[in-house]
Structures are given as structure tokens and as C-alpha cells.
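Some structures are shown below for you to check.
Heads up, the next two complexes both have chain A, just with different partners, chain B and then chain C.
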Partner chain A sequence: MFAFLVAQASDWITPVIDWHAVAPELVLVAGINIVLLIDLNISDAKKWVLATLTGFVMLGALLPVVTLAVIGDDSRSLFDGRYVIDEYALILKAFFLLVAYVVILMSQTELEEGGYYQGEFYVLMLCSVLGMVMMSSARDLISIFVALELLSIPAYMLAAWRKRDVKSNEAGVKYYLLGVFASGVMLYGMSFLFGATNSTLLTDIGAALTDGDLNGLEVVGVVFVICGFAFKISAVPFHTWAPDTYEGAPTPVTAFLSVASKAAGFVALVSIIFLAFPNASDVYEPLIWTLAALTMTVGNVLALRQTNIVRMLAYSSVSQGGFILMPLAFAGNSNAGGSALNAVVVYLLVYGFMNLGAFAIVIAVSRKTRSGEISSFGGLFGYAPGLAVAMTVFFASLAGIPPLGGWFAKFNAFRAVLQAETNPAYVLAAIAAVNTVVSAAYYMRVLRSVWMDDAPDGDTSPVVTPAPIVAALGITVIGTLVVGVYPNAITRFAELKDLTGAIVP
Partner chain B sequence: MLAVNFLLLGAVLFCIGVYGVLVRRNAVMVLMSIELILNAVNINLVAFSVMNGNLDGQVFALYVIAIAAAEVGVGLAMVLMIYRNRKSIALDELSEMKG
Partner chain C sequence: METLTDQTWLLTVGTFLPMLGALVLMFWPKNDEAGIKGIGILTAGVTMLVGIYTLVQFDYGQSAKLQFFVDAEWIPVIKSGYTIGLDGISLPLYILSMAVTFLVMVYTWDNMPEAGNTKAFYILMLVLQTGMAGTFIAQDLILFFVFFELVLLPMYFMIGVWGGEDRRYASLKFFLYTMFGSAFMLVAFLALFFQTGAESFGFAQLIDAGAAIDRDVQIWIFAGMFLGFAVKVPMFPFHTWLPDAHTQAPTQGSVILAAILLKLGTYGFVRIAIPMLPEGAKAWAPAIGILAVIGIIYGALGCLAQTDMKRLIAFSSVAHMGFVMLGISTLTSFGINAALFGMVAHGLITGMLFFVAGSVKHRYHTLEIQRLSGMLIQMPRMGWILGFCAMASLGLPGLAGFWGEFPAILSAYQPGFGLSEPLFRTLMVVAAVGTVLAASYLLWLYQRTAFGEPSDEFKGHSDAEHDAADRGHGVAHSLSAAANDHAHDGDDAHEDIHDVQLTEWLSWTPFLVAIVVFGVYPQLMFKVMDPAVTQMVERLGASLG
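Up next is the complex of A and B:
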């Protein structure tokens, strides 16, 4: 055994590190330390500085992402291809940093008024974002696992941030237990993949798995890994934590979980399916087909009967997850594979803008009404026309009404599925079409209340919206509108060639 | 081959762990069941690593051990938090939200 270790050690070569390529991660690491140190040394009255500083760290990390994108279209590969910075990774890094920036804008007033711990909140948020930024580049089972835990563990704590509130405790504990259980299942699958293919590198696993010739170990590995990620993206039947966690957690954290954390799960799933499982489509296609059909249907049916807006948005985000998952079921189809990658990434970007915007509205309105009931939005147009119009944009976009971003994302997903030209594809597209109509029902119910009803208690004093939330709304409205009107702005960043090493059989 | 025995041990530990997570109502017992699952993973990884003559598996196991420690740290802190607020760590009593 010892001789074996020495034999391997003699081959050791110090890896060459491309500092420019890892600059976004380094900025975040430096930012985490700076925010933590400053938090220790300032008085409670000055904690608002930390929010501003965290915002600047996010934008500072965005800077090297932009320079990397401008400089070259070639991919940079570190550590023997285990950490790859290609255009697919860059667009998602930019997305995660922008989402985190908007969430910080949304949480600033909430944290100050709610009497929460502030410094620790921002530090944990930065840690979680670091995990997401790493996830977009991770191309190895070990780095995917480390990135997943780095983004999840701070998120468990953020969900339970209201320490004295039993609902928030419950939200944190449920999220934690199911999240850790899911990573255990996923790791068990990964251990089988490693055993069957003798590698942890995704592209090596992809080369070792061959369709029609998969042994038992490989099948179990593929199924367990996908089920582990299904928890993360709250796909039915692994969604049971999502509504309770979303309702109990502080609303800005809910926005963060339902957009960024879910997107990170999808990013890992996309990397794994396109790099490691391209030749295992016999196993994952039926599995993802079933997950997608169940997720969109069950999410929608349960969203219909909700009276609490956050809980409704929770089920709506479950069902939107089904639409994002839908094209992945045809990732191994030679006609649809390329469009499937494009559809998933585009849907994630659009979903990020519209869902964050919807939560920003909920935060802004509930500062006045102190209620989470859908009926409390009645008459919003009468006393806060600006918020009502923004809310209409987000909800209409979530429902998929042209010319908003959500419409284009749905169109793109349907197109990818129909390109597969197989019977399962037509059936799934039909299920999705029915679900689109059903989902419009509950989004429109909220909008009817906003435009038609009277204010429930006759209180029509104007809503005071703090400047950071106005900024968050501005960014999300512009994002939602621009993608709908000019989709080329984002579709060209998510081609199949941008994911290094991706092959469609 | 001896590796089969290790894989069987791993599978048994995994099943006991999953059973514990699904059936146990005490939060600390559920945390311990999750530890069993992670240890099943470690046994698998080390067995495969020796079987294939590839050190990656052992490195993976070290990462799993380190991260499991961090996870349990957070988990026990949460259990302590619900104990302080409710004087109970029974998971089936955590039902403030429904629907």
C-alpha cells in the first residue's frame, strides 16, 4: 500500500493556476473575510454599511466574469479539466452574482426593521454564492459535491434566521434534514459511478458509460444521483420541504432559495447529464420525463388552492421547475440535445428575474399590509399603481403571456421538446400545454384581486417603498421585459458548444 | 473478491440509514441515521478505490468526512434551537404549516 502511494506521489506536478480564471471566486473569498472582520468592529447603528459592502463584493466579482467573457471565447481548464471556465460557466456565474445582488437589495430593509443579525447574514449569503459560482465551473464529482454543500449549508442557516420564531425554525430544520438526506443519497450514487468507471471526472465517466450496456452499478449510480438533485430542485415527489421552508423562512431568503439555490441544482444536473450521462439516456430519459410531468402537474394543482401568496409562489416555483426540467428529458436526443441545453439555461435566467421580482413585490406590499394573504393585495392598483403594474409584469411573465420573458422561455422549452419528434416528447408537450393554462388561472386570480377588488380594510394610504427595493424591482422588470422583446440578448450565450466537452450522441 | 463484502456492508448501512430517516421521530436519531448513510458512502468509496487502484476514491472519502462534520455541526445547532423554543425535538410535532 505504501509503495503504491509513493509511486503515485512521484508523478506529482504542481498544477498551473490561471489566476484570471478564478478571480471571481477569489474576490468572493476576500469579500467574505472583509465583511466578517468589519462586522466584528462596528456598532449596531452602522451595520447598514455591510449591506452596501456586500453589494460591492458581488459587483466586484462580476467584473472578472465580464473581462473573461470579453477577452476570449476559448475555455480555460484548471486541475486536469476538473474546473472549467467556459461561456456556459461565465453566463451562469454572472447570473448568480446578479441574483445575489438583487436579493441583498431586497433583504436590506427587512433585516434592519426586523431586528435580525445582519453581519452574519451577509457573510453566509456570500459563502452560499461562492458555492454557486463554483458549481457553474465544477466538472468533477468531488468539486460538484463540495460546491453543493458550500451553497447548501449556509442556506440551511439562512432559512432558520428568525431564531425565536417557531415557523422559521421548522423551515430550517425541514430544509436541513431533507437536504442532507438528499446529498447522502446523491453521494451513494456517486460512489457507484466512481466504482463502475474508475474516475471522478465527468467527461471520463461519460466515456465509460455506454448505452444498452450499462451494468447494475451504473444504473443505480445514475438513478441515485438524479434523485439526489431532484430534492435540490424540489421536483415532485421530492418537493415536500419546499412549501414549508419557503413559507417559514424570511421572505428575502425564500427568494434566494427559490431562485439561486434551485438554479444551482439545475446547473449541476445539466453539467452531469451532458458531460457524464450522454450515453446513459436509456436510464435518465424516462426518469426525468416522469419527474417533469409530475412536477408541473402536482405543483400547479396544489398552487390553485393556496390562500397565502408566499405559499402560492412556492408551489408555482415547484411547477416552474417542471418546465425547466422538461427539455432535459430529451438531452440525449440527437435532434433536441442542443436546444435542450439552451432552453434550460434561458429558462433559468428568465425565471430568476421574474420570480425575484414577484418576491420583491410581496416584500414591498407586506411592509404595509403585514399580511401574506392573497386577499390583502386587493385594491393595490388604487393606492400603489406602480407596484401593481410591476406585479402584473411579473405574474403575466410567470404565466407565459407574450411579449414578456416568461413567454419566450416557455416557447423555447416547447420548441426543444418538439424537436425530439418522438411520441414521449409529444405527450410531455401536451401535458405542459395543459399545465400552462392551469397555471394562468392562479396567477390571474391574484391579478384580478389587484386590479378589480377594493382594499380589504379600506386602508388606501400609499405604500412607502424603500430605495433598495425600488432598485431591485427596476432590475427585475427590465430583465423580464428585455428578454421577452429581444431574446437574442441571452440565447446566444447558451449554445451547446459553450459547454466544454458536451456531446450529443 | 473481498470488495463485494465491503459493498454489502455499505448497502446494509445505507438501508439502515434510510430506514432510520424515514421512521425515527427524534431529530438526533435522524441525524445519526444520516451519518450512517454517509459512512456507507465512505466504505463504498474506499473499497472501490482499493479495488480499482485509484486514490481518487480515498480523497473523495476525506472530503465527505470533513463536510459531514460541518453538516452535523449546523444540524445539532438547529436541534438545540428548536429544543429551546419548544422543549421537544420530536419531528412529528413540527407542523406549524400545512397544505
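Up next is the complex of A and C:
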């Protein structure tokens, strides 16, 4: 055995590393160490420096992403094609870094005022973002798994950050237990795939799996891997952790989980479906169709009943996940495949802006009201018209009303589905259309409180919004509006050719 | 389709100018009420001037062609462009939307709804205007959809914030109904696009390609569009949001809703659903005709059962839009011309009726028909205007309402493209009965509110009565009725029943004049619309073979 390993090791060839291509990751790694070291050596009073520093690390990592995009030659492939930097990876890396930057803006005041462990928070956040950035490029089962764990494990801790709060502990534990369980299921499925195809490289698996010729092992592998990711993206019936975790976790963390962590799950799912399962559509299409239909419907119906805004946003994010998932059910359709990829990526980008914005508003307002009830938003339009208008932008966008970003995301998802021109596609589109209306009901109910109700207890003192949150709101409002009016700003980044090696049969 | 591409900037400026005004208002100090109103009215006024310039520049000899046409890149990935243009079908509605918004804003100068916040109110009206104008110029399905939906939020807030007692319920109902319709409409748009395999979402391409789709598929796609447009019109049985929305909305909201928003639905049928899906339209025409006539009768009966003046006018809208839809369902150029005329006429007349209702409410603080009476004694001018509008609304020849209703009924005598004559002739007869009912509810309304003695409750509170009393005592009353707006403030709740005031005159006169002008000389509008309608019906004929 040992001799065998030595024999293997002697074949070791130092891989050629394209340092420019991995620069974003390197900046993050360096940033993690710097933040950690500084945190150890400064007094509590100066911890605020860390937030700023972490923000700069995010922007610093964004810099090579931009230069890579500007140089824009062919995709850069590292480690035998297991780690690929293509347009698809770049747009998503930029997205994750920007989201993380906004989340840091949102957490800053909360952490300072709450007396939480600031240094550790930012270090863990950076680790998680590193995992996400790696996920965008991972094209191998093992690198996907490593990235997934790297982004999840810090998130489990972040969810439980309010140490003295029972709910926050519950959030962390639930998230952890179910997350680990999901990882187990996924890893089990991956082992089946490896056993059946003798490779962990996605494109190799894709070549080995062929429709109509799948054996039981392969089918189980495909199903388990998808179900494992279904936990990550909180698709029904694997969504049960989401509302409790979202409600219990500190709100900026919830925003981070519901946008970045979820997006990372989708990114992995997209890579796997387009690279590894293009010829297994007989298996995954009905599975994803069902997951999507259930997710949007159940998420919506449960959201209708919520009185707490964070829980409502949790269920709303479950339901939005259904919409993001919907086009993937037709990824293997020769008409719709390309549009499906585009639809998922565009939806993620838009969803990032509007959902982060919605949470930023919740943070801003609850600083004053100290309540998470929807009714506590009453009268906001009277005493804080700016926040009320921003909130209208985000919630109307989530409901999919033009000319705010959400409409284009939804439209694009519908477009991809209908392009398939099959009966399941029409049925799913009809289900989604009904769901759009149902979702409008609860989003509008919040806006109704904001615009039409009186302030509870008649407290109309103005809301003081700290500068970082104003900045976060500015970024998200502008993003939501620009995408809605000029969708071309993002759609062109997410075409099929941008994902190296993607196949639509 | 041939297009004219002169002065391509004109429509864009006319549509987005209100947005600019809204942007300026957003940064204007909230307390400067007069400044806010001034900017709002100025923006709408300049927009109106752009509209008048458009009217002047429009080439009436070629009104079948799209003019001021622009086809710019917008979202190339989904093959949707910024394609806009104006032809004889859309011109009257485009101008109407500008005029109505401007006049409503003038009216608001003195009649701000109670909830206050002038700034937000004017911003919403300006945003609404962009949405409405944009819907009428869009020549691309996706662009149309965006504008069509853009009006949703402002109207939701307008009803919800500045509305009456039940405003929350009414606004949400309005919103969800419309959203429901448009969700299916969007699915239908996409299905149409993919079924035709068209190169873009432009109307022209889809009209060319749409006829080639299988009949069964066309029927399904038409059904989706039908949901979207029929909710907006609203057609029976999707009308139930309308009475609530109208009753609860502030006067300004009601006027805009009646005058323009309802037309987005009928316009959608004429511009999109029918030309793009000829077979689907033909298959659906009988159903649309039947629902339209049910709407006429149902609306009229609903009117007879109302105790609230505003709700009565709202139900009369259902009936009137029934006539419009009946005209459209015949698929003849005669019927569609009548429908388009009816849309504008209804916009003017019902808009005016809602104005009057708003002013009555403002003075009497009630719209209960039972409590109102003797309006002609207390406010003679207002009473006459109400009478005039009631007459116009019931379709009196010589006023605009007649030319929408009568030809629509007539067109059902001979529907196009082999549609069942017995069916449509039956519909014609029933619709004719509807006009009798219209006369009865409107005259009944007029009789109860305007004739007779003022009720005890309000007796002696009006300026007209004061003047009479003053003359009787030989005391010179130095303040004229129109100018002493708040002279009697304080001592009595009903002291402020005065006749039509300056801002009301300013905003109403154009409506009243237009009702007469189009009533006396309907050709003014028919000759603009007819070439475009005829061309559309000819194309329909070509594809229905």
C-alpha cells in the first residue's frame, strides 16, 4: 500500500499555476491572515478598523477579477481543467465579492453596537467568501466539495453569532446539523458518481453519463447530488432549516446566507448540471421540475402567513429559489438550455441586489423600532420617506414589477422555460405565473404597512441611518433600478459560451 | 410595415419628460407646497405642449403608418428593442393621456386629497403619465409590458394612501387582479414569440409571423392575453375590482383610472391580441361579444342598485366598456373604429363625471344619493355640468358618447369574417336594451341629486342661497361666490357649499368642449383612426383568408 502511494507520488509534476488567474483567491487568503493578525494586536476600541479593512480586502480581490475580465482572452484552465477561470466564473466572483462588501457595510454598526466579536466575524466572513469565489471556478467534484465546506462551516458559526440569544443558537445548530447532513448525502452521491464514471472531473463525468443508458448507481448518484444541493438552496422539501435559521441569526448574516450562500449552492448546481449531467436530463429534469414547482408554491403559501418580516423574507427567499431553479429543469432542452443558464445567473445577480437591499432596510428600521413585526413598519412613509421609497423599490422588485430589476429576472426565467416548448414547460410556467401573483400579495402587504398604516404608538421620530447602511442601500437601489431599466447591463455576462465546456445536447 | 422616421426624439421626450419632473420633485423641499404643485403642473403642461406639437407634426395623410418611429437597441439578448411609434390608433389615446394628467394636476391645485403629502402625490401622477404614454407608443411587446406594468404601483399607492375608508382592501384588490392578468399575459407574449420563431418582439414582426401559428395554439395564447387585457378593461366577470377601486380612489385617481388606465386593456386587444392572433381572435370573438353584452346589462343593473354616486359611475364604466368590447369583438373596421372612439369618449365623459363626483363629495362630504338633492338650487352650474355629462354618458346624439355607443351596436349587425350573424344580432338587440337602462340609471341619478329642494341637512349652506338671501335683505355682499373660498370657515361644517370654482373651471372646460366638439364633428377623430384600423382589418382578412 505504502509502496503504491510512493509510486504514485513519484509521478508528481508541479502544476503550472497562472498566478493572475488565482489572484482574487490569493488576495482573500492574504486578507484573512492580515485581518486575523491585526485583530489580535489592537485594542477593542479600535476594532472598527477591521470592518473597513475587510471591505478593502473585498474590493482588492475585485481588482484582479476586473483586470481578468478586461484582458478577456480565452478561459484560463488550471489543474487539468479542475479549476477554470472563464467569463462565467468571473461574473460570479465579482458578484460574491460585491455582495460580501455590501454585507460588511450592513454588519458594521450592528457588530459595533451589539458588542459582538468583530475580528472573528470578519475573518470568518472572508473565509466563507473565499469558498464562494472558489466555487465559481470549481469544475471537479472534489474542488466543489472543498469550496462548499469552506463557505458553509464559517456560515454555521456566523448564524450563531449572538451567543447569549437562544434563537441565534438554535439557528446555528439547525443550520449546522442539516447542512452537515446535506453534505453527507451529497458526498455519498458523489462517491457513486466517481465509482460509476471513474473520474471526479465534471466534464469526464458528463462524457460518461448518457441518457437512456444510465445504470442504477449513476441514477442514485445524480439524485443524491442534486438533493444535497437542494438543502443548500433551501428547496422544498429540504427548506425546513431556513426560516428558523434566518430568524435567529443576526440580520446581516441572514442577508448573507439568503443571498451569497444560496447563490453559491446554485452556482455549483449549474456547473454540475451543465458540465456533468448534460446527458442525464431524463433523471434531473423531472426532479428539478418538481423541486421548483414545490419550492415556489410552498414558500409563497407559508410566506403569506408570516407576521415577522424576517421570517417572511425567509419564506420569500425560499420561493424566489423556486423561480431560480425553474429554468434548470429545462437545461437539457436543446432550445432552452442556453437561456436556462442565462436565466439562473441573471436571476442570482438581480436577486442579490434586491434581497440584500430588503434586509438592509430591515436593519435600518429595526434599529429604531426594535421589532421584527411587519406592523412595526407602519407609518414609515410618514417619518422616513427615503427609506420607505427604497423599501418600495426592493419589495416591488421582489414581486417582479417593472421597471425594477426583479421583473427582468422573472421574465428571463419565464423565457427560458417557455423556450423549451414542451407541455411540462407550459405547466410550470402557469404555476409560476400564479405564484407571481401570490407573492405580490405578501410583498404588497408590507408596502401597505409602510405607506398606508399609522406608526405604532404614534412614534414618528426620524430614523437615524448610519452611513455604512446608507451606502449599502445606495448600491442596492441603484443596482436594482439600473438592471430593471437597462437589463443589457448584466445579461451579456451570462451566456452559455461563457461556461467553458458546457454542453446542451 | 412602412414607417416614417422624422423627428424621432419627439415621442421619447413626450413620454419621459414627466419622469424628469418627478426626479426634480424628489429633491424639492417637502414643505414648499406651491412650488411642488407648480413644478408638477409645469411639467405636465410642457408635456402637453409636446403633445400638441406632436398633433401638429403628425402626418394625417399617412395615419396608417407608424410615425416618429424609433427602433433602437435595448435588450439584444432577448431580442427586445426600444421600438416606438405612433399611428392613427394610438395618437388620440396618447394625447388624451397627456391632457388628462395635465388637467387633473390643475384640479389638484385646490383639491389636494386629505391625506396630504403633495410631493408624493404629484410624483406618482407624473410616473403614471410616463407609464400611460409609454404603453401607447410601445411597438415592442416587452417594452409594452414594462410600461403597462409601470402604472400599477403608482395607482396602487394613489388608491391606498389617498383613498377612502376601505382603501387598503380596494388597492390590494386592484393590484392583485391586475397582476394576475399580466402574469398570464406575459406568459402568452413569450409563447407567441417562441411559437412564431420571430426575430424580435417588435409588433410588426409578430403581426407578420403570428398568423402562421396553428389555430389551437393561437386560441391558447389568445386566452393568456385575454386574461391580461380583460382584467384591465375590465370585462365581466373580471370587473369586481373596479367598483371598489373607483369608489375608494381619490378623485384624481378615479379620473385617471377611468379616462386612461381602462383603455390600456382595450388598446391591448386592438393593437396586440387581435392582429397578432387572427385565428385566436376569431375563435374568441363570440365569447368576447357575449361577455361584453353581459357586462353592459350587468353594469347597468348594478348602477340601478347603487346608493353611492361614485359607485354608480364606476358600474356605468363596466357597461360602457362593454360597448367598446362589443365593437371590438365584431372584428370589423366599423366596430373597431367605434370602439376606439368609445374609448376616448368614455375617457372624457366618465372622467368628467368622476370630477363632478369628487367636487360634490368635497362640498357635501357624502356621495349618498339619498342625502343629496336640489343640487341645481344650491350649485346651479355644477348641477348643469352633471346633467350635461349624464346626457353625454347615456349617449345623447350630438355629444361624444353617442359616437362610441351607437356605431358599436350597429356594427354587431354584420360581424366580420363569418362570425355568427344570429348571435351577434342577438347581442345587438340586448346591447340596445342596455342603452335604455343607461338612460334610466343616469336620469334617475340626475333626478335624485339635482332636482327637488335641497335636503334639510344641507339647506341654507350654499353660496347660491346666501346670495339670494342677501339680495332679499338688500345687503351688498362684496365677495363673489367664486372668490370667497374659505370665508365661512369654522362656524358650520357645511358652510362651504359653493359653486364651480376657478381651478375646476380651468380643468373641466377642455373636457366639456371636447365632448361637444367630438359629438358634433366625430369625423375629427374617425378620419385619424380609420386608415390605421382599416389596414389592420385588411391584414386580418388576408390571414383569415
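Assume the second predicted complex is superposed on the first by the 493 of 505 C-alpha atoms of A that agree within 3 Å, B and C clash if a C-alpha of one lies under 4 Å from a C-alpha of the other, contacts with A are read in each partner's own complex, and residues count from 1 in each chain.
We take it that a residue touches a chain if its C-beta (ideal position, glycine included) is under 8 Å from a C-beta of that chain, and two chains touch if they have at least 3 such contacts.
Note that this is a predicted model, so its numbers are computed, not measured.
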item: Room on chain A for both chain B and chain C (clash or fit); value: fit
item: First, second, both or neither for A:Val49, with chain B first and chain C second; value: neither
item: First, second, both or neither for A:Trp407, with chain B first and chain C second; value: second
item: Touched partner set for A:Asn488, first chain B, second chain C, both or neither; value: second
item: Where the C-alpha centre of chain A sits as vertex, the angle toward chain B and chain C in the overlay (nearest 10 degrees); value: 140
item: Touching partner for A:Ala440 - first (chain B), second (chain C), both, neither; value: second
item: Contacts of A:Lys167 with chain B and chain C, given as first, second, both or neither; value: first
item: Which superposed partner A:Ala455 touches (first chain B, second chain C, both, neither); value: neither
item: CA minimum distance (chain B, chain C), superposed complexes, angstrom; value: 25
item: Residues of chain A contacting chain B in one complex and chain C in the other; value: none
item: Residues of chain A touching chain C in the complex; value: 335, 342, 381, 385, 392, 396, 399, 401-403, 407-408, 411-412, 414-415, 418-419, 421, 426, 429-430, 433-434, 436-437, 440-441, 444-445, 448, 451-452, 486-488, 491-492, 495
item: Residues of chain C touching chain A in the complex; value: 30, 73-78, 120, 142, 145-147, 149-150, 152-153, 156-157, 160-161, 167-168, 171-172, 175-176, 179-180, 183-184, 186-187, 190-191, 194-195
item: Touch list for chain A against partner chain B, complex; value: 4-5, 8, 141-142, 145-146, 149, 153, 156-157, 160, 163-164, 166-167, 169-170, 172-174, 176-177, 180-181, 184-185, 187-188, 190-192, 194-195, 198-200, 243-244, 247-248, 302, 305-306, 311
item: Chain B residues within the chain A interface of the complex; value: 10, 14, 17-18, 21, 27, 30, 34, 37-38, 40-41, 44-45, 47-49, 51-57, 59-60, 63-64, 67, 70-71, 74-75, 78-79, 81-82, 85-86, 91, 94-97, 99
